[in-house]
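The structure appears below as structure tokens.
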Amino acid sequence: MSFILETKELTIAFGGHVAVDHISVRIPEKQFTSVIGPNGAGKTTFFNLLSGQLQPTEGEIFLRGEPITKLRPTKRTRKGIGRSFQMTNVFPNLTVLENVRLAVQSRNRVRFQMFRHFSSYKEFEREAMELLEQVLLREKAHSLASNLAHGEKRKLEIAMLLALETDILLLDEPTAGMSIEEVPAILDVIRSIKERGDRTIVLIEHKMDMILDLSDQVLVLFHGELLAEGSPEEIMQNTTVQSAYLGGLYDGSSA
Amino acid sequence: AACSSDDASSEGTEDETETGETTDGSEEEATSGEPIKIGVLASLSGALESYGKQTKQGFELGIEYATDGTNEIEGRPIEVVYADTETDPKVARQKAIGLLEDDKVDFLVGSSSSGDTLAVLPLAEEYKKIMVVEPAVADSITGKDWNKYVFRTARNSSQDAVAGAAAIAKDGVKIATLAPDYSFGRDGVAAFTKAAKDLGAEIVHEEYADPTATDFTANIQKIIQSEPDYLFVIWAGANSPWNQISDMKLQEKGIKISTGAPDIAALSTMKELVGMEGFTVYYHTLPDNEINDWLVEKHQEKYDAVPDLFTPGGMSAALSITEALKKTGGKVDADELITTMEGMSFETPKGTMTFREEDHQALQSLYKIRLEEQEGVDYPVPVLERVLTPEETAPPIQN
Amino acid sequence: MEALLSVKGIETYIDQFHILHDIGFEVPKGEVTVLLGRNGAGKTTTLRTIMGLNPASQGQVTFKGEEITKLPPYQIARKGIGYVPEDQGIFAGLTVGENMKVSMQKEDDATLERMEWVLELFPDLKKFWKKPGGQLSGGQKQMLSIARAYMNENELLLIDEPSKGLAPIIVEKVMESIQQMKEKTTIVLVEQNFMMASKIGDRFYILDDGQTVHQGRMNELNENEGLRKKYLGIA
Amino acid sequence: MRPLKWERSTGIYLLVFSFFLLVPFFYDNRTILFLMTQIFIFGIFAMSYDLLLGFTGIVSFGHAMFFGIGAYSVSVIIDRNEPTMGYLLLGTIVGIVIAGVVSLLAGLLTLRLKSHFYAMLTLALAGLFLVLAEKWRGVTGGNDGFTMQIPEFFKDRGHLYLTCLVSLIVLFFLVRRFTQSPTGRVVMAIRENEQRVESIGFSIMFYKVAVSVISGIVASIAGVLYILSLRFVDTSVFATDVTLDALLMTIIGGVGTLVGPLIGAGLIEVAHHYLSELASVHWIFERWLILFGIVYILAVIFFPRGIVGSLQYMWAKRSAKKKSSSKEKDLAS
Amino acid sequence: MDLLLSLTVNGLATGMLIFLLAAGLTLIFGLMDVLNFAHGGLFAWGAYSGVWVYDLTGNFFVAIIGAIVTGLLLGLLTEYLIIRPVYGNHVQQILITLGFMIVLSEMLKVVFGPDQKAAQPPAFMDGSFMVGDVILIKYRLFIILVGALVYAITFYILRKTKIGLIVRAGVMDKEMVQSLGINIRLVFMLVFMVGSALAALGGVLLAPYSGVIYAEMGMEFAILAFIVVVIGGMGSFTGSLFAAILVGLAQSFMAYYYSDLSLAVNMLLMVSVLVFRPQGLFTGKG
């Protein structure tokens, strides 16, 4: 198994508070890795370090063996690390379609084209529409992103990530706040990517059934440290994880 | 205005012969009875509003005086159009164009700020119309940026400076200056320094302050250290250093203050400076002549106040135009007017003024004064020490 | 039992968009009423309409027999209605402590007591007392938002998706806390976590496209698979 | 659908512009032509401001700086040499280069930081330029300023009018094309959410600095034209008032609409012109500036998004209503 | 040594004066995040009404109260008519407050006339005394005192009450604050009124300091106040105080040692703060 992403002693401290504490992990290529851990364990921060939103105080990050620790988010995205955000993070006063189209445009590396009209890039629009279709947001294509309901924004977030077609997808609680009826559709999208087998997916979730269903590997963070690492089944059995994270709700396999 | 000097009347005859040569009877006919239009540019709003209003009121009274209330010169009625420049060169130019094109004025008069005036000067040349500058002071108006259509009834910076020097400079007197750090202050000090040195004085220190400053103590401190006999202040902004000069006890340290006395509103901020020797352009009690008496009386009657610093200027501008028109027989041809006005002397509330031939700057009297407290007046009153004659205050020719 | 809150024939517009068409439901005192529905069904807008944040253009909201439809939000809040918004509404620049302080309507013993209880419930908040709210993790923000609403003696709490982003163990705590409060406080809950909704809910309403399309007691829904399938698409 | 709509608006613009192009051929009132010229010049200037504020979300409190740079470059170079086209061109180029360099530096220095640093830095820089113009008296004449000759060609009222109008048209279409290009869209996304733009793979600095430079250059061209129309320069071209004018024109017309600033410039100049004339109509209007202030206040109340912005909004609202009501009908039937 | 002392005292006094001018803006712009270009107008109205009351009563303290009352009333009016519709929207704030600024300063001319007016300190504060070779101007000492007092009171209120917190919270999320049962409109209105009253106080205190008041003074000083608020770190009262004193001292020392640069001193100061401490001298609260 080859590893696409690797961190070495990755650490970040905010003032005195060490949010990510010497984490060394390797993310296997084209596999599905989940990250779980209690609130405030450092999961999102870990993502922020991987995608370059934050600079580590210590440690290094490698992408396919190449150090990327110092690169800005832009560069990392172009090198193939795409992410979605836990707190919805879209372009509020642009339409839904335009939000996604910008991501498509970025993937197509149309960056400094100043003299052609954007609408002459028909294929971008078509692609964006297809993505919106996938995440059940087609109807809202021409609404402003700020006018979406919460769950709809989450879907848009995912569509934007998919549009980038990066090799690595970092998903931060993609289905939080999504309705019970619509989660399956989103899960299907994620699953189909997984099944295509050409992408590396890293997922943060608190919904254990999803984790169990999808993951090849699970990382457990706790107070910024890597508490455990292993297959989903192993993790579920881990008593520390149970008491610190799961509590009583997942003692068996409740819905 | 009947007592024009001889050379003026001789010019008058010259004119007649000239018109005689180009006589065109029908044109003569057409012009008479048709109004003569004068466009007056002034800051009627904004920071210089009160100056602009003084000019305007003075001008109105000037026309009234010159025409004995008939508003007619040589059989032609006079129409005056006032335009507000808002102390913005762009607006000044826009309004001037409006006056020249739409109102078809024959003369331009103005304006309250040097910038506005400079922006309009080229139009005078372009449209071949006489422009009488009042009360803008920048030397460059009759200097570098001058053209032959430009006449100025206002005194310029150099005249002020010369007058200021004449008021205090003597052999061996040590003088320090304080001025705002922009061209008005810098040019003024340069001219003052020259004039003062010519009179034998020594300039021991030149201090420049931020024109918008509120705190002058550091500047004053430096002046104190230079130990002058006099501090000559050139100041124009609304914020003023007077309070602090008195707080810093300059007078007690034997440093006498001198400056140009401003308009009445600003005089009221100079209570601390009673006893000061300086100069002024005008205060209504200073000139002693009929026109001024008339002005004071009329002004009082009409506006319930005495004329202020720039009121006689406005009047002088009007009088210079009417005088010239009388000489040309009501004709407004610019070239003719120029020859008429060059060297022309005319009577004003400030006595006789003469347009110097070389740069069309009106030579005029200024007044050496002393500020005194007076019963019933809530500001220090400029009291005449000596009239500084036009010859004495004649500035260098700079164009 | 008398309804503490009743909503009748609500029509709400946001700008030119007609969002709610004829929403109506009753919230009996002492119960947990759950609003269910797809994304964009209008759940959040309903809560906001009750709070006066998106006032209804038609219809009535009645609280304790008094009409509050047209009141400004702060008066509605002062009548004893607390609100946990969907986006948490944390004041990012204020510390956790300041966030709590701003939300206290009174600073009496009862409030301090409740604060102690809340901090025990969510020890993280105590730990990060001086941290700006904006720097908290997603789940911590959610805790803070819930904690703030618990600070006042409310008769009615409107809670929008409390479990979102919370670790299972915390979800459990939140559920417990709601159970504990039920004696004094009536609750309207919007919740996508069906497990949680079904465990603590007494009564449910299903919204779709700005309308109430179904209602009933929670245990009916728990027992009736057909109903669940029909309205929620889950077995 | 979209390109079609775009074609139509271009057509309308062209129609309006060509109307203005014809004006000097049948209407020869110089006052009005001068007023129109000023509108075009300040239209260009306000448009450059809109590029910053409306499209990129960057606030500048010192935009006058670029205007002044253009103005002084041309006037100093012409004044020191000959009033020929060659020197005019040279002055323009010098102005553009200086404006470009200054905006580049200002952008590089502050655009990494939160937006109001750019505002503060430009405010300070504009202040320093003003001091420079004041202090470098030998060249600039200080606060009094100086008059200068201009090439014969521009002394003709019609020529000047047409030059300003043509510059406006060309710059307008260029800038508009820029805002509608893929790059322009990225710029708008930056306005919405900078951090997110980075994480979809665009580097924001490049875009922000680029906009800052383009805007500075366009503003300096406005400064050049201003000098041609005024034939006089003084330090007031660097004054905060000039920046505020651009700001007001942009806001009144509608931020982020590009035509808005042009209409705003027109409205403000025309209102100014005619309101100030009121003063001579009746003494009651002596304080006509109050009316002018009230225009601003009313503009915010009746056109909260600016004139063009509010019209667009109302238009969108109406079509949305139509849509939703037709949808309701569908449901009913 | 005497020189340094004298420059320092005078710089300090100027700084305090600037602080008084900026204090209101710290509340309105720093705390409430309202870009109020009409602030200078409130300030000028304070000066004019104060001087008017002084001329009427001859009592300086009554004049101060008069100015404060004017400030409160104008603040009420401004908030209600002008600011209320545009909270949270800087773009609209700029336009509407600039418009209102014009109205305010023109109204000033309508009511008090267009001329500048003289203003003198009351007799007991007029003049100066010498300590050694250092000249201490009485009125400046008074300004330092009032400045310190205003700072202390405002600081105390912001620290000890929830008002500061509520305003900051209200700026961040108005709806949420309301949902917590706070009448944020009322709070904003009160704070705005206090800010205006502080502006008016600054105005009336400036009058005898510079000896003259004029309608255009508002805009001139508003820009200075704005600079102070920004370099002080938006919304920080302590920051504004320090920034103002820094500006005062810099002006004083520059005027003495490098008077050629005194035109540029504010701008240079601002540039250096932007370069070396971009977040402002102090951040946030207090």
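Lettered A, B, C, D and E in written order, each chain numbered from 1.
By our rule, a residue touches a chain if its C-beta (ideal position, glycine included) is under 8 Å from a C-beta of that chain, and two chains touch if they have at least 3 such contacts.
Computed from a prediction, not measured in an experiment: that's the story for all the values here.
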item: Reaching chain B from chain A through chains that touch each other, fewest steps; value: 2
item: Distance-maximising chain from chain A - centres being C-alpha averages; value: B
item: A-C compared against B-D, more contacting pairs; value: A-C
item: Cα-centroid distance, chain C relative to chain E, in whole angstrom; value: 44
item: Distance from the mean Cα position of chain E to that of chain B, given in whole angstrom; value: 38
item: Whole-Å separation of chain centres (CA-atom averages), chain B against chain C; value: 77
item: Multi-chain contact residues (two or more partners), chain A; value: none
item: Two or more partner chains touched - positions in chain C; value: 17
item: Set of chain B residues in contact with two or more other chains; value: 181
item: Touch relationships between chains, expressed as pairs; value: A-C, A-D, B-D, B-E, C-D, C-E, D-E
item: Parts of chain D lying in touch with chain A, wherever the complex brings them together; value: 2-3, 6, 177-178, 180-186, 188-189, 192-193, 195-204, 206
item: Contacting residues of chain A [partner chain C, same complex]; value: 14, 17, 37-41, 43-45, 86-87, 140, 147-152, 154-155, 173, 176-182, 184, 206, 208, 244-250, 254-255
item: In the complex, chain E residues that touch chain D; value: 82, 85-86, 89-92, 94-96, 98-103, 106-107, 109-110, 223, 227, 230, 260, 263-264, 266-268, 270-271, 274-275, 278
item: Of all residues in chain A, those that touch chain D in their complex; value: 51, 53, 72-75, 77-78, 82-83, 85, 89-94, 98, 101-103, 105-107, 110-121, 160, 164
item: Of chain D, residues touching chain E in the complex; value: 53, 59, 109-110, 113, 116-117, 120-121, 123-125, 127-128, 131, 134-135, 240, 244, 247-248, 251-252, 255, 287, 289-290, 292-297, 299-301, 304
